[in-house]
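Here chain A shows up in two complexes: once beside chain B, once beside chain C.
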Partner chain A sequence: MPIALGLEGSANKLGIGIIQHDDTGKSPAKVLSNIRDTYITPPGQGFLPRDTAQHHRDCILQVLRKAMKEANVTPKDIDVICFTKGPGMGAPLTSVAVVARTLALMWNKPMVGVNHCIGHIEMGREITGAGNPIVLYVSGGNTQVIAYSQNRYRIFGETLDIAIGNCLDRFARILGLSNDPSPGHNIEQYAKRGKNYVPLPYTVKGMDVSFSGILSHIESLAEEQLKAGTVTPEDLCYSLQETLFAMLVEITERAMAHVGSQEVLLVGGVACNEKLQEMMGQMAEQRGGKVFATDERFCIDNGIMIAQAGLLAYSTGYETPLEKTTCTQRFRTDEVYVAWRE
Partner chain B sequence: MKMDNALGKKKYDLTAATAHTGPLEVSHRGRRRKKTRVRLSLPTNCIQLTRMSFGHSLHLEIPFPTPRLASIAQKTLSVDKELKVDQVKRILTANGDKLIVDFECTSVKMLRVSATSFFEMLTMVTSTMEQFDVDE
Partner chain C sequence: MIDSAVLIKQGAEARVYELKPFLTNPNGCIVKERFSKTYRHPVLDKQLTHRRVSQEARCLFRCRKAGIDTPALYLVDPEAATIYMERILGRILKDIIIEGKADTDVLADAIGAALAKMHDVDVVHGDLTTSNLMLRDNNASLVIIDFGLSYVSKLPEDKAVDLYVLERAFSSTHPQTEALFERILTSYKTHCKQAKPTLSKLEEVRLRGRKRSMLG
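Let's turn to the complex of A and B:
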């Protein structure tokens, strides 16, 4: 019954999770603990690498203690220490990796460096039970449509510039929305009260999407029309969501048709959005398919997903030697050899 | 902290263990560098260039409770390479229960930046050790 400790800190969330696998394969994985601490900036401000790394350094040991206490494990019980190797922000990633290395050397445990995107996918699959879905991975840092093929998670479509969550977060800053609990959550609440649809550019490019043009457009719209009173922030939030999510639905549907899959798995922070889940659900239903999504415990960056993906890799005999436990800001999803699937 | 300007080279010595006794004395891995260097007829600039290519250096000796912990710190902190390799050189060694750190940088600013960054990671290592070490 192997137990893995997972440490995540690629963006502004510091997450630590402890997971237990049943190696007889009879029961699903057991989440022993999953603790997260989010670095929230004042309204109108994003989070910068240096301050984010400082936040992680300030709270990681406390979160680790809490996670081990809740899981009721001691260092002796842990079999492998998993950490986010990338992609993400440099200094925050390294701050977490340094702690992971220290623990591994003190406790004499092997380490596994995990790809953040794969963490999301594997946790989504584990929690929802989706067998072989098209994965829509949407967050502040990534926007990818992924399908599994021959031991790799292949990227079918992605953003050509910024991630959708980045687009939403930056617009929330323009509006001065609070970053608590997250800017995207507050845009979603505003959008629920929107009444008028404002046409925005729609930029799907084949299997890919691009968001920076839409962002510039809506920023200048907000600048001109909010003061004039011709449009409300709620209308803008509503219109932005409608447009962005419709684009995602289109590229996901294209991948489903291409691969012949009937399942869609939504992962990443933006996947928490109920409007996106609803729109994706409508599309899937029309095709006789189904949408799988998890709740905010697993959608938003967390440590348990790192533990999950790490333990899956470890159980196939994979281990990251100490000198390779560096972090990298660019780490493609298809770089990882998925040995634990057929 | 003493600024050593006698050789036209700045040297910052933060070690509590090695006290600065004079402007020409610099500690180098516990060994005193020979004063005879400044009595040579060659201009001091040449000597300094052959000894320290980058110009600004920092030597640290950090005591740990045990050699085991010093070794763990050395291994952990050696994994990440310096980003600006052409401007910063960092060498970490474990000597008994001490972690020895040597920086060589092309400018004071780079030295400050690298050292600050290093201390941030070092304190992560020491805090983790303090709170989560197991008795062997």
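Let's turn to the complex of A and C:
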């Protein structure tokens, strides 16, 4: 029963998780522990690479001890150490990779470098039991519509400029919303109280989307109309979510129609937004499909997903030799050869 | 009218029906009805539906007038968000490529030429995939279908994104066909009057797409 330790720190979350697979591959994977520590910045501020890396360095040993303790494992129980190779911010990525390498050398364990996006997808599939879904991967740095074909997760649609989470986070900064627990969560709460729909640009190009123009537009709206009192921050959050999520649902539906799939899997930090899940559900219902989503434990960046994807690769005989355990900021989802699926 | 129509496809946007016969045409026609999306805010839904019906009809007509092979437009019913158009007797390109029997070079040249013509009249398709290209059974002419996301634009940027969408559709639906897409672009270049600004913009758009893997 192989056990993997996964370390994730590509953005402002530091996560360490321990997972155990069944030898036969029949029963679901066991999550032994899944610990996370988030670097939260003051309202109106984003997280900078240097400060984020410092946060990770400061708390990684503590998080590691907690993960080992909760899983009730000792170093000798662990078979493989998995870490995020990319994509992500350079400094936080490398700060975590250093720890992964040290552990591997100290405990004499093999390593597997994992693509962060693949981690999200594999964890989502494991938890929800979705077979071969269209994946909508939405987070602070990524917006992609993905489908599996011939040993790769292929990107059918994506953002042409900024990511959905980035758009939401930056708007939260304009409004001065708190970053605790996350800016997106606070936008969601504001949106629940919004009543008036303010029309915003709507930019879908085939299966691709674009958010930067919408952000500029709503920024100037906020500047002019909030002061004048003609709109409320709640209305703006509501309208922003309605517009952005409608675009996401539309491209997902288009991909479903194109590929002929009836399943959707939502992954990534923005995927835990209940409004998005609800809208996706309505779309699926209209076409007789099904939505799979997970909660914040697995949606938001975490170590367990890295352990999951890493262990899948490891079980096919894949290892990353020490000299290749570098990190990369740019690492496309479709660059990874998926040997563990047919 | 639509009662006697047979649903043949539920796309992402619309229900597509076959109505046979239509007037004097025994092959009938295609009826494309955009339905309301329950997930969308009603205001947004109405605005999008209305805009797309008229844009689709306008672009279909514009292409047809320029001699590009597209379904002929029969009737537009804006209230019912429905368009009646020619039923193409043929097969979609996706199936033809997957089947692997056709001469893909000939196909690529035809695609490039058709897209060049379309962009020359400033029509941006908005959803170019191999599911939205067809070959007529009788004369093997390449038909561009589904103008549901199309619009009129002179900007090289918009045309470049149009090509980029197709490139991505190729690489995701038909892996290992990079050479084929290159050939499409070569043909596009020879046929399109303003190919240069569009193709150099395409380089930029590609790089932009690449950048999207910046963060986790």
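Note that in this section the second predicted complex is superposed on the first by the 342 of 342 C-alpha atoms of A that agree within 3 Å, B and C clash if a C-alpha of one lies under 4 Å from a C-alpha of the other, contacts with A are read in each partner's own complex, and residues count from 1 in each chain.
Assume a residue touches a chain if its C-beta (ideal position, glycine included) is under 8 Å from a C-beta of that chain, and two chains touch if they have at least 3 such contacts.
For clarity, every value in this text was computed on a predicted model and none was experimentally measured.
Asker: Between chain B and chain C, whom does A:E250 touch in the aligned arrangement: first, second, both, or neither?
Answerer: After superposition on chain A, A:E250 lies in contact with chain C alone.
Asker: Quick check on the superposed pair: does A:V264 touch chain B, chain C, both, or neither? Answer first, second, both or neither.
Answerer: neither
Asker: Please work out whether A:M207 is in contact with chain B alone, chain C alone, both, or neither, and reply first, second, both or neither.
Answerer: second
Asker: Could you look at A:P75 and tell me whether it touches chain B, chain C, both or neither (first, second, both, neither)?
Answerer: It touches chain B, and chain C stays clear.
Asker: So which one touches more of the residues on chain A, chain B or chain C?
Answerer: C
Asker: Determine, under the contact definition given at the top, whether A:M89 touches first (chain B), second (chain C), both, or neither.
Answerer: Only chain C is touched by A:M89; chain B is not.
Asker: Looking at A:M106 after the superposition, I want to know if it touches chain B, chain C, both of them or none. Which is it: first, second, both, neither?
Answerer: It touches chain B, and chain C stays clear.
Asker: Is A:L240 contacted by the first partner chain B, the second partner chain C, both or neither?
Answerer: A:L240 contacts neither chain B nor chain C.
Asker: Quick one: is A:L64 in contact with chain B, with chain C, with both, or with neither? Answer first, second, both or neither.
Answerer: In the superposition, A:L64 contacts chain B only.
Asker: For A:T325, decide between first (touching chain B), second (touching chain C), both and neither.
Answerer: A:T325 contacts chain B only, not chain C.
Asker: Go through chain A and flag every residue that touches chain B in one model and chain C in the other.
Answerer: Overlap of chain B and chain C footprints on chain A: empty.
Asker: Considering the complex alone, what residue numbers of chain B touch chain A?
Answerer: Those in contact with chain A are residues 72-73, 75-77, 79-81, 120-121, 123-125, 127-129, 131-134.
Asker: Help me check something: in the complex, which residues belonging to chain C touch chain A?
Answerer: So the residues of chain C touching chain A come out as 10-13, 37-41, 43-44, 47-48, 126-129, 131, 149, 161-162, 164-165, 168-169, 171-173, 175, 205, 208-216.
Asker: Considering the complex alone, what residue numbers of chain A touch chain C?
Answerer: Residue list for chain A touching chain C: 8, 10-11, 84, 86-89, 116-117, 139-144, 147, 149-150, 152, 154-161, 163, 166, 197, 199, 202, 204-208, 242-243, 246, 249-250, 253-254, 256-258, 278-280, 282-283, 285-287, 301, 329-333.
Asker: Going by the contact rule set out above, which residues of chain A touch chain B in the complex?
Answerer: On the chain A side, the touching residues are 53-54, 57, 60-61, 64-65, 75-76, 94-95, 97-99, 101-103, 105-107, 322-323, 325-327.
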